[in-house]
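Notes follow the structure.
In order of appearance the chains are A, B, C, D, E, F and G, and numbering begins at 1 in each one.
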Amino acid sequence: MALAALAPFLAALLTPFIHSLAGRYSGWVLATVPAGIFLLLLGVSEPVIAGGTIAASFGWVPSYGLTLSFFADGLSLIFALTIAGVGTLIILYSGAYLKGHRHKGRFLAYMLSFMGSMLGLVLADNMLALFMFWEATSVTSFLLIGFYHNRQAARRGAIQALVITNIGGMCLLVGVILAQHLSGTWLLSELRGLGGVLKDHALYGLVLALFLGAAFTKSAQFPLHFWLPNAMEAPTPVSAFLHSATMVQAGVYLLARMTPVLGGTAVWTGVLVAFGGVTLIWGALGALRETDLKQILAQTTIASLGLLVLLIGLGSEAAIAAMLVYFVAHACYKAGLFMVAGAVDHEAGTRDITALGGLADKMPVTFIGAALAALSMVGLPLTVGYFAKEEMYLALVGGDWLMLFVLAVLVVGNALLAGVALIVMIRPFLGDALPTPKNAHEAPVAMLAGPILLGGVGVVAGLLPDWLSADVLAPGAMAILGHAVEPHLKLALDLASPLIWLSALTWLLGIVVFRQAQAIRTVLRRLSAGIGWNADTAFDAVMFGLIRFAATVTRALHHGKLEFYLLAVFAALAVALFWPMLALGGLDWIVPTAELGDWSKRLVLPDLRPYEWGVVLLAVLGLLAVLIAQSRLIAILSLGIQGTALALIFLLFGAPDLAFTQLMVEVLSVVILTIVMTNLRLDARDHRPFEDWARDGTLAVVCGAGVSLLLMLVLTGTLDTRLSDFFTATSVPIAHGANIVNVILVDYRGFDTLGEISVVMGAGIAILALLRRRKKTEETGP
Amino acid sequence: MSGAFLVVILALGWAGITGNFSGLNLLFGGLVGGGALLILRYSIRQQGALGRAGKVLSLIALFLYELMVSAINVALIVLRPDLKSALKPAIVAVPLTVKSDAEITLLANMITLTPGTLSVDVAEDRSVLYVHALTMESDTALIAGIANGFEARIKEVFQ
Amino acid sequence: MTQLPQAMIETATSAADWVLVLPVVLALMGSAALLVVRRSNRLPLLGAVLVIVAIIACEISLLLRIVSEGPLSMTMGKWLPPFGISLTADLFGAGFALAAAVVTLVVVLYAEIDREGNDGKDGFHSMVLLLLAGVTGSFLTGDLFNLYVWFEVMLIASFGLIVSGSSPLQLDGAVKYGFLNFLATTLFLLALGLTYGLLGTLNMADIMLVAPDANRAAMTGIAALLLLAFGMKAAAFPVNAWLPASYHTPTPAVSALFAGLLTKVGAYALLRALVAVLPDSREMLEPVLAVLAVATLVIAPLGAIAETHLRRAVGFFVIGGIGAILAGLSLPDVIGIAGAGIYIFHAILAMTALYMVVGLIEVRTGASDTRQMGGLYAASAPLSILFFLLILAVAGVPPFLGFWPKLLLLEAGVADAELGWVGSALVVALVINAILTLIAGTRLWSHVFWRNGPEGQPASGEPMPLVAPTPRVRLAFGAVSALVLGVVLIGLWPNPLIEVGQRAAADIVDPGRYVEAVGLAEVEP
Amino acid sequence: MNTVIFRTAAPLIVATMLVFSVYVCLRGHNEPGGGFIGGLIAAASIAVFGMASGVPAVRRALKVDPLAIAGFGVLLAGFSGLLSLFIEAPFMTSIWLYLDLGETVVPFSTPMFFDIGVYFVVFGTLSAIALALESDREEDL
Amino acid sequence: MDYILAALVGVFVSLGIYLLLSRSVIRMLIGMTILGNGVNLLIFTAGRVTREVAPIVPGGLDVPAGPIANPLPQALILTAIVIGFSMFSFLLVLAFRAYKSLDADNTDTMRLAEPENAPQPPLSY
Amino acid sequence: MIGDIALCLGGGLLILGAIFTLLAAVGVVRLPDLYTRMHAASKAGAVGGGLVLIAVAVISMDAAVALRAIIGVIFVLLTTPVAAHLLARASYIAGYHAGESTVRDDIKTRLEQNSGS
Amino acid sequence: MTVAAFVDLSSLIALILLGLALLVSIVRIVIGPTLPDRVLALDLMTVVAMGFIGAVAVRTGRMLYLDIAIALALLGFLATVALARYILRRGLKTDAAAMEAQS
């Protein structure tokens, strides 16, 4: 089973080689991968159908308690088989559809990776693994949607899809982590066994919101549905795959999967039904507004997703059964229809239904595929679509008035979809023949296999209700509801049942919709034009707004003025100095207390000797001289004063080495400054506007005072002199040096000095690097 | 020749500053001095033999005396309340009779350190030394004082 | 004769212990040796590669040793700690040092792109080794003042590298980089002086022991100063302006080296100083840390969205990553610290690789602004793959390396969310950061790779012409590919990394083993 | 600064400074001074030399690339630390050897070589910087 | 005595910061030097100050006869001085080169790396 | 006894040196123009500094220290006039002319002659 | 008064005098008016500082401080040379500019 999820990735990695070897037949070659997986899954399906599960687990990140666990129950298997089955046909189809395209190899690799992600998603037992595959579908679909990368619309569609689904992905990640945090397990199979651990927790609402956020974005629920039509910029095989059985169904899968853990509550039902219902109607109406075949199908996909979410929300046995059957039906017919649309586009050169007609003669096989799919979509008996509809009506009939309202919504939605199905089947194929950009003729076998086979499956399944019940419904419901459902799908018409009449009503309305399609389209288009904006345009507004906002913020923060960068640092310094001192009573030592005595006792003149005062005064005067210096060179000279003063302070307080070095360095600084200044001619004065002066001055004084106060606070304690005592005691006897400072430098802390001389050497290299290109740049400069 | 002499001087200087006149230390001092001179080998020209110790000593004695007088002189001037009127600054061209670099340098430096005079510049043709005088009563006296004092003694030393 | 106190370590030091100090010393002496031979043509490159390989070998054996035996310490000059300078390596320090050496090796090979017709006279390889010495020293030292010295070694080497070439653009960037970074180390020194005045010691393990008894206000003030100084080095908001002002100005190889190493050392210093050494002060500063983390996480990717200069944009990714690390420091349980640490590891590899790929993009398109770029997707599949993988890794998309630390951080945040606002705020900020980063990344991808040519060029027609790769470019490409492959493989098989990360974090949160390794037994109060 | 007086006096001044610098370096272990200050004074002497005689003359006199001297200094300092590998001690453990030459005992120690390394680094680097700032010809750098 | 020096540290730091905010690169460098001096004095003061007794053991003794000045801060400051001087030299030459290349001593006019009127980011995909 | 005399002598020299140095500083402040100030700085300064060094030499009563002090004095006497010369020459060439009270300026005369001929 | 006390007193007096000299020489550095004036005063200040160090040496009885004084004399010379060079070069340029303005 792990093989099922991982084989496509391996195949994708090998695709460049396979493609270069197999050339135009690479589609056929690579289609064997999903076909093999399909057969593999069928082979292991026995115990699942019997109501059990199969599992496989590998150690992955044991240090984090993560295993790469796969498990398959009915739900997973239905999805996985659909993915692999449809996937086989799509790969085949792609091989033909992109014949001769320079990036066909890349495309097939992306498709296989996507399929692998999808299979991994539905087979994963570990929630984190599920999330990873979830994200992988987003990323691979991004590459697929943007496949025609020269087109801005394709790029936009790809980014849009990725952004929206990534927001959902982040919700899922946090949701998964939260669920793990609350339940203690990463494994879905274990989580299900824990019963109400999440439902009963105070944070249930948050967990639910996160999972719904994930599912709704992925499954394009209103109002986050807008990315899906834009994803039609992708090549048609992508649309056929992503929007029938795979990517968008990931959200549905997640909701179904979480039903035992999160479902069944009032808020669950309410939210899912409401959003699903609105999405159903919205998508169906949207389909009627469009004339582009793919856009129409995209909108119906939104509607179908709404329908599935609604059914999961209802959560009853019949609703779940309907959901399962509808999923299979939808996968078959929607993939088929997309492939038909692609074939039409490929052969006739347009997808606009108003520009197409009479293709049944030219593309008869394609028409058969289209008809099979559309009829399933309409829900005629003998197709699997019929059972889906029956089941969903069954779920609602006989409920309270709220349920009846939902039923009405369903009927209307189904009717609209039926109308659309008729349009899609009849307009291009049976309508009056119209000239098309290309002279249409039948598509190649690889492109026909899909629609015909899928249509056939739809019919076959429609003819085998018992098989459907036993092999699809039972294990699926077992997985979601935890118990098997009685097989009750029947082909026989029971006129006493209200269901048949509801179906009839649906068809009738569908025909009306088909008849009035033109008028409805006009009305809808006027309506949307009247509103003027929609979620899609809002997306642009948000994105561009974000970009403008980002630019504003960035320009404001990174304005390029060093002075303000420094100002920020010093403001932070002031806060860092004062905030802890004020918050933690660091200034208490100033305030006189009973024990410490009064101020008069503290105001003693420090015991400095006259010449010491002189040197301190010299330092202050030197600093003032720098401050008031008119030109830079005078400032440099004044710099020498404070340096000398500092050296003398060191000297007077027992630090001859320091004084020595300080003097030498200070003089040398003045020398180097002078040498450099000798080659520069600069403006003499330091112009600083008053407000800057006041601001800079205040900040400087505050920081200086803060440093002084913090230092004084430190000085209130006694110093632990362990280190110096050690050095003093051992310098001569052990380290053989009388100058303790030097011994520290070359022995006790010689490692520091090693770094220090490296800094000196580095300064040499750096300065040479600076000066080195002087000639070249100045010669080539303007 | 003069290089070897300088090495000996530097070695003795080394022994002096390190306070250790042992043979080994003198040897080491010679090495250090030799290293320093190695770097300077292109810059030291033949300086002429510094022969006569007596003349040198008399020059040194004259110099030290003049230096002391000079310092006191300046100190007294500085302390005068009527500072402005006591001064008569001037820049005077003093003709040079010494010609070698070493002689000119020695002369100029000594002039700077002695009363009331300061060497400002040497003319490009080395004929004249421009001297700043603090209180110039008479230019001939000034020039003569220099010619008969330091300049003559320096010539004697360098011959 | 008075009795001498015991001054030196009695036991002999085995030569095997030298793997702790050799990486630093080899880098330093290698740098010096290359300087001596800098007028030779090929020796600098060859020498640099040999030295770095030797360093990597030492660091691998060091890491293995620490994995099996716990933190390792050596006090220079045989003096008893805390009197001598102790080099003390735990898993984080050794791991980061190894990652740093590996990316440096890759960058040295990559840098051959820019060195067409360049002899060794500019001292490039010397400076690279000096930078590596500073970085390695910072990661391995157990002494606060010694850390300052290595910071400065790193800083001066980065000065030399950032101006190498001395174009006016570089000089402008270097002025801002230079002043702000030197100011940061000066503030560090200020904090150090106060630390000594308060505690009387500089050895980190020793500080751990005596800090709890110190004046709380002063200790917290010092910690705040350290936070400011290291925050500047790490480029945390709001003192990060130097990074976008300068990282795009040197050659891409230098940008790459900086991105991988410099800010990470700042972040590591924060981790070491605040979480391990001064945990009490960190607790006081936790709200500040959290606010800084949130602001950095949210604001940095905006810059990446707004910027059209490709390397500047990438610089904002670097800053965003620092936000993630700060988030880990605000959530100091083992999981959060492990997240921060693994993020540092990830960033060392991924950010370096990203800059190098960007450099290749600049070479191929001959432009540095995304407005003038396009057509790379059709032209170069390998380059596309590298860039795409790295964007995903940086955005934290699974299963690439960047995902794992974010996962740990989110888990720590979720766990902390029940205790207060910090956890929830950080979770939200991390999520926003991931989304914004992905938006920025896909925009860059779309403009540079997918779009057919520069802005305004029609979509149809041939993609824009590209500069053909030279052999040096191919060498560079190979080097980067190897690094990216590493990022991908570690992402796919993160178990060793996460295991080591968690153990390392455990040692940070409970530094008993660290203190013991230094040789300062925990003293019972 | 092309004056006879300066040019003539400079070698004396420079020689004195160089000797003094070595003295300051070597006695640093017991009294104020040490490699750094010694190297600084030596480099200052080179600067005086350069100002008096011009950069080319100094380069000719030095022969060796000053930065290579700095590199050599770091190598020397590093090696003096590495020696302790052979006495089974940590890096930079000092080793003392007393050379008995009859009348005096000359101590040789790794810290001394370390300090000499410091001297060379400072001397080389500062000389390189001073000469580079004075020089106009790039090929010298 | 300590407190006077502590106050003096504040003066150094204040002036250093004030000059760092002056926009003129040369003045900023002077500010950096003064700030560095202030920090050195801070380390010195933080190590507690003793009058006139250098930490040098008189000849013939194994340990100093009386109390001496604290040697450790002195060693730290020495290292810091040397490093600060290296950084100062580099930044000075950098300022010199920047002035030659950019014709600017005022940091407000150094706008190559972050151009003043950078165009808005493109509003496209 | 000799020691006491040396100490007293040294103390006296020390004070004398300090006085000269102070007077040099006073001179630099009081004298009217650049070149006259140089006299004060170079002579009184050199003597003051030198005297202090000699005082140290005398007080130390140690041959090594004394020799070092004397070398220091020689160095001061060597460099002070050179420095004064360089500064004066540079100032003059750069155009900082002597003050108004200067009664005669032969360099100026020479320059005027050169430019005239 | 003992001899030692006299030496102590003399060093104290010297220190005070030299401290005064330092402060006085600052005056010229600050008021100028010309650059050479300030350079001159700075040069003098190094000499005063040298004396100060000598006096400290006497006061503390540590004659080794002497070397610091000597080194200061060495480097002070270098500083004055560099500053003189600055005056020379910049002055010439200033003169050239002034002459251009006149013609």
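Convention: a contact is a pair of C-beta atoms (placed from the backbone, for glycine too) under 8 Å apart; a residue touches a chain by one contact, two chains touch by 3 or more.
All figures in this text were calculated on a predicted structure; none of them were measured in a lab.
For the pair chain D and chain E, chains touching both partners: A, C, G. Number of steps on the shortest path from chain C to chain F, with steps defined by chain touch: 2. Put simply, the chain nearest the middle, going by average C-alpha positions, is C. Centroid distances from chain A, each centroid being the mean of CA atoms, peak for B.
Centroids of chain D and chain G (each the mean of its C-alpha atoms) stand 27 Å apart.
Centre-to-centre separation between chain C and chain D, using Cα means, comes to 35 Å.
Look at where the CA atoms of chain E average out and do the same for chain G: the two points lie 23 Å apart. For the pair chain A and chain B, the distance between C-alpha centroids works out to 84 Å.
Residues of chain G in contact with two or more other chains: 15, 18, 20, 22, 35, 39, 56, 62, 64-65, 67-68, 70-71, 74-78, 81-85, 88, 90. Residue positions of chain D touching 2 or more other chains: 1, 3, 5-6, 9, 13, 16, 20, 30-33, 36-37, 41, 44, 47, 67, 70-71, 73-74, 78, 81, 91-92, 94, 122, 125, 129, 133, 141.
Chain contacts: chain A has residues 152, 155, 159, 547, 550-551, 555, 558, 560, 562, 566, 652, 656-657, 660-661, 664-665, 668, 671-672, 675-677, 707, 711, 714-715, 719, 721, 723, 727, 729, 733, 738-739, 745, 747-754, 756-763, 765-768, 770-774, 777 touching two or more partner chains. Interfaces, counted as pairs of touching chains, are A-C, A-D, A-E, A-G, B-D, B-F, C-D, C-E, D-E, D-F, D-G, E-G, F-G. Of all residues in chain D, those touching chain G in their complex are 1, 6, 13, 16-17, 20, 24, 31-33, 37, 41, 44-45, 47-48, 51. Across the complex, chain E is touched by residues 152, 155-156, 159, 544, 547-548, 550-551, 555, 558-563, 566-567, 570, 606-608, 616, 619-620, 623, 626-627, 632, 635-636, 639, 642-643, 646, 649-650, 652-658, 661-662, 665, 668-669, 672-673, 676-677, 679-680, 682-683, 686, 688, 692, 696-697, 699-701, 703-705, 707-708, 711-712, 714-715, 719, 721, 723-724, 727-729, 731-733, 738-741, 744-745, 748-749, 752-753, 756-757, 759-760, 762-763, 766-767, 770-771, 774, 777-778, 781 of chain A.
The touching residues of chain D, when paired with chain F in their complex, are 1, 3, 5-6, 9, 12-13, 16. Per the touch definition, chain B reaches chain F in the complex via residues 13, 16-20, 67-68, 70-71, 73-75, 77-79, 83-84, 87-93, 108-116, 118-121, 123, 128, 130, 132, 134, 136, 139. Note for the complex: chain G touches chain E at residues 56, 59-60, 62, 64.
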